[in-house]
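Notes follow once the structure below has been shown.
By letter and in written order, the chains are A, B, C and D; residue numbering begins at 1 in each of them.
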Amino acid sequence: MAKVISIEEAVDLIKDGMTIMVAGFWGVGTPEKLIDALVAKGTKNLTSISISTALTTKGVGKLVANRQLKKVIVSYIGRNPATSEQYESGDLEVEFVPQGTLAERIRAGGFGLGGILTPTGVGTEIEQGKQRITVDGRDYLLEKPLRADVALIKAYKADKAGNLVYRKAARNTNPLMAAAADITIVQADEILEIGEIDPDEVMTPGIFVDYLVQG
Amino acid sequence: MAKVISIEEAVDLIKDGMTIMVAGFWGVGTPEKLIDALVAKGTKNLTSISISTALTTKGVGKLVANRQLKKVIVSYIGRNPATSEQYESGDLEVEFVPQGTLAERIRAGGFGLGGILTPTGVGTEIEQGKQRITVDGRDYLLEKPLRADVALIKAYKADKAGNLVYRKAARNTNPLMAAAADITIVQADEILEIGEIDPDEVMTPGIFVDYLVQG
Amino acid sequence: MDAKDVFIAKRVAQEFKDGDFVNLGIGIPTLVGNYIPKGVRVFFHSENGFTHIGPMPNSEEDIDRELINASDQYVTILPGGAFFDSAVSFGIIRGGHLAATVLGGLQVDQEGNLANWRMPGKKTVGMGGGMDLAVGAKRVIIAMEHTNKGEPKIVKKCNVPLTGLKCVDLIVTEMAVMAVTEKGLVLKEIAPGVTVDQVRAATEAEFTVDPDLKIISVE
Amino acid sequence: MDAKDVFIAKRVAQEFKDGDFVNLGIGIPTLVGNYIPKGVRVFFHSENGFTHIGPMPNSEEDIDRELINASDQYVTILPGGAFFDSAVSFGIIRGGHLAATVLGGLQVDQEGNLANWRMPGKKTVGMGGGMDLAVGAKRVIIAMEHTNKGEPKIVKKCNVPLTGLKCVDLIVTEMAVMAVTEKGLVLKEIAPGVTVDQVRAATEAEFTVDPDLKIISVE
């Protein structure tokens, strides 16, 4: 059961020091209105999990530019000079995670797995501090689950039961992150009544969703 | 790119001694016509991976009843007396896998993971022969991927690019198994031209599918 | 339907909060769905891949052959439900997204270990989704008769194969409601007309009695 | 567009079979899509979540703001394509469902190790999906210039941080096509007008010459 709240109420759920997941790929599939409200509020010392830090004017990148983050867990920070600058000055911690591993770690966090074994990164720098496990003669890294206090999700359609539908390339990390946070907040282009989304069409079941915000 | 073939051509791809995955839950989402043709052909010594052995008249259960299987990897064999009988007589090997673990092992097989860590089964009989791994203070079992030579899939709609749509509770293991076999054969109620399925509506992308059979 | 089983089911049905997602196992747990108190919306999860299980179809022509529950019964789906694949379905279970699961039990011991999938000497049919439910749901409620032909089912230590380790939160029987706590089993409620001594006689496990012991009240 | 890069891209484009699904990295690899031989249908995978990448929109009004490729360019999707989430997208990559990926390289060594994500002393921007592609695609084809300002990029042992271990199958440069085999690097083809000695001079790695050495032929 999802509760429809205002954008202000939504960002009030995010407290200083929390870990957030922000869905999207170069801002496509990112709930920009929620990000803007979070920028306006100025919540600090956040850790953010996302594919990239996008641009200084898009997605998570706005939070970087506004110096609200102490750490980012990402696969890519190119195209956002604010991230590089704060990373080099030591103001921002950056944990690089291969994109496929990031997706699986988030999924594992949402789905109660203690981790996954991936061949990605074996023998590279990102193996540091990780357990290498051999299964049937091939080497894998044990990668641990990721969870967040709050996930910020962008849907195309939502119903009041919290069921979500995404559109085109805006799906990306949304279905994964929606399941992997204690509180899942969705900015939806359209909020429909219960029953207005065909149960076969749902991409994220309402069971994962806590709050809806009109996009 | 999927190739449309006859049911006879499809079952000819399955050879004695192969491992097959059969989608479905109590026969719902099982390609019964493919199973019937496989029964008619009499291919032997197969290993089958499925949720259950269904009934003697449904799904994998027909292959059990016709004594075509040497091993089943399943979470449940109740309601199929043929399975119990062959299991007790030693004619059929049964590997019991908790249902959620089975789903993840199949997914891991299709998605190139070396395994997953699940809390399911820790401290029980099914831990035997498995590695227990502690992550952040909680114990998990390392469960290995499952793959098959051939996956038998049942779709509601397919297009000639191999994109699939399932219907209601018939989805179950279909999307997982479709990705986890060397050859994926789909029995579809309806085979449509390319472009007739909305790319947002696709539940199994055509990249996983090799052959289509009219259901 | 056994009156004891109905009593157990009615008591279990009081455990849910409005909006809870719940998975019911087979046997007594299935009955629980019939007794959810008015005003409490509970959504049932079907491990074969959907939420919002609805009632069975009214007539043959209302049956959809691709809409069964995990026990292979034709059912319906209520508005607000969604279909998903088996990996998502068990992700929901394992990931703690269910407020509770109600399962049957062969034995539960005082550490909260659960045995319910296999009885040595009887046919083994498999654990299905039971082991995942036992470790995954936020609360694991065991709905079972207190004894099996006089033999205690709530024991010091399970001596039949386990389903899950230290996973049980609450045991509801026709005699008692017991919580598994860090300090061991606590008798929270007893059935009308049942004495603590009778519970003790029917229970092998050690337990303490809640100072605020209540009488089970069902409608 | 550099003529060398176009030459490399055209040669790489000959590597695909009809029906192949392929992922192209940024840089020279992106150009490959322009030179697929007639009659060969190659479907491109976009790691942000779809297959069948189509051409860029013809006009501003054809742009769909929710349809970009992994490089943040507006694109289209061809009939037969499908959208999926990031876990499926990388399941496709890691699970060996791509016939090939084409990646750029900073260094490739004679064991087939690949370095292409980070150059010490330069800004680190992250590996994106590169490490997954390197280990996951059925064939890893490196499309790069043979040297970097005269410095060999095909080396005995990579001395910059690795992207993937023993993952490269084929190296295509403006001078040569080299295969990574169990017996080490094999020079399979050389560019018109280039001699084996010139390739040797521009290559630090050891390699053998295929007895059936061919001249690279592109249109």
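In this section, a residue touches a chain if its C-beta (ideal position, glycine included) is under 8 Å from a C-beta of that chain, and two chains touch if they have at least 3 such contacts.
These numbers were taken from a predicted model, which means no experiment stands behind them.
**Student:** Common contacts of chain A and chain D?
**Tutor:** Correct list: B.
**Student:** In whole angstrom, what separates the CA-based centres of chain B and chain D?
**Tutor:** Chain centres of chain B and chain D, defined by C-alpha means, are spaced 34 Å apart.
**Student:** Could you work out how far the Cα centre of chain A sits from that of chain B, in whole Å?
**Tutor:** 32
**Student:** Express in whole angstrom the distance between the two chain centres, defined as the mean CA positions of chain B and chain C.
**Tutor:** Measuring from centre to centre gives 29 Å for this pair.
**Student:** For chain D, give me the residues that contact two or more of the other chains.
**Tutor:** 50, 77, 83-84, 87, 90-91, 93-94, 136, in rising order.
**Student:** Among all residues of chain B, which ones touch two or more of the remaining chains?
**Tutor:** Residues 104, 107, 112-113, 118-119, 166-168, 199-200 of chain B each touch two or more of the other chains.
**Student:** Taking touching chains as linked, do they make an open path (line), a single closed cycle (ring), a hub with spokes (star), an all-linked set (complete), or other?
**Tutor:** other
**Student:** Which chain pairs here would you call touching?
**Tutor:** A-B, A-C, A-D, B-C, B-D
**Student:** How about chain B: which of its residues touch chain C in the complex?
**Tutor:** Listed in rising order, the residues are 25-26, 28-29, 51-52, 74-79, 84, 87-88, 96, 98-104, 106-107, 118-126, 156, 166-176, 203.
**Student:** What does chain A use to touch chain B in their complex?
**Tutor:** Its residues touching chain B are 104, 108, 112-119, 131, 133, 135-136, 138, 140, 142, 144-145, 165-168, 199-201.
**Student:** Residue numbers of chain C touching chain A in their complex, please.
**Tutor:** Interface residues on the chain C side: 19, 21, 41, 43, 45, 50-52, 77, 79-84, 87-88, 90-97, 136.
**Student:** Taking the complex as given, what residues does chain D use to touch chain A?
**Tutor:** Those in contact with chain A are residues 46-50, 64-68, 70, 72, 77, 83-87, 89-91, 93-94, 113, 118, 123-132, 134-136, 161-165.
**Student:** Please name which positions on chain B make contact with chain D in the complex.
**Tutor:** Touching chain D: residues 1, 107, 110-113, 159-161, 163, 179, 194-195, 199-200, 202, 205-208 of chain B.
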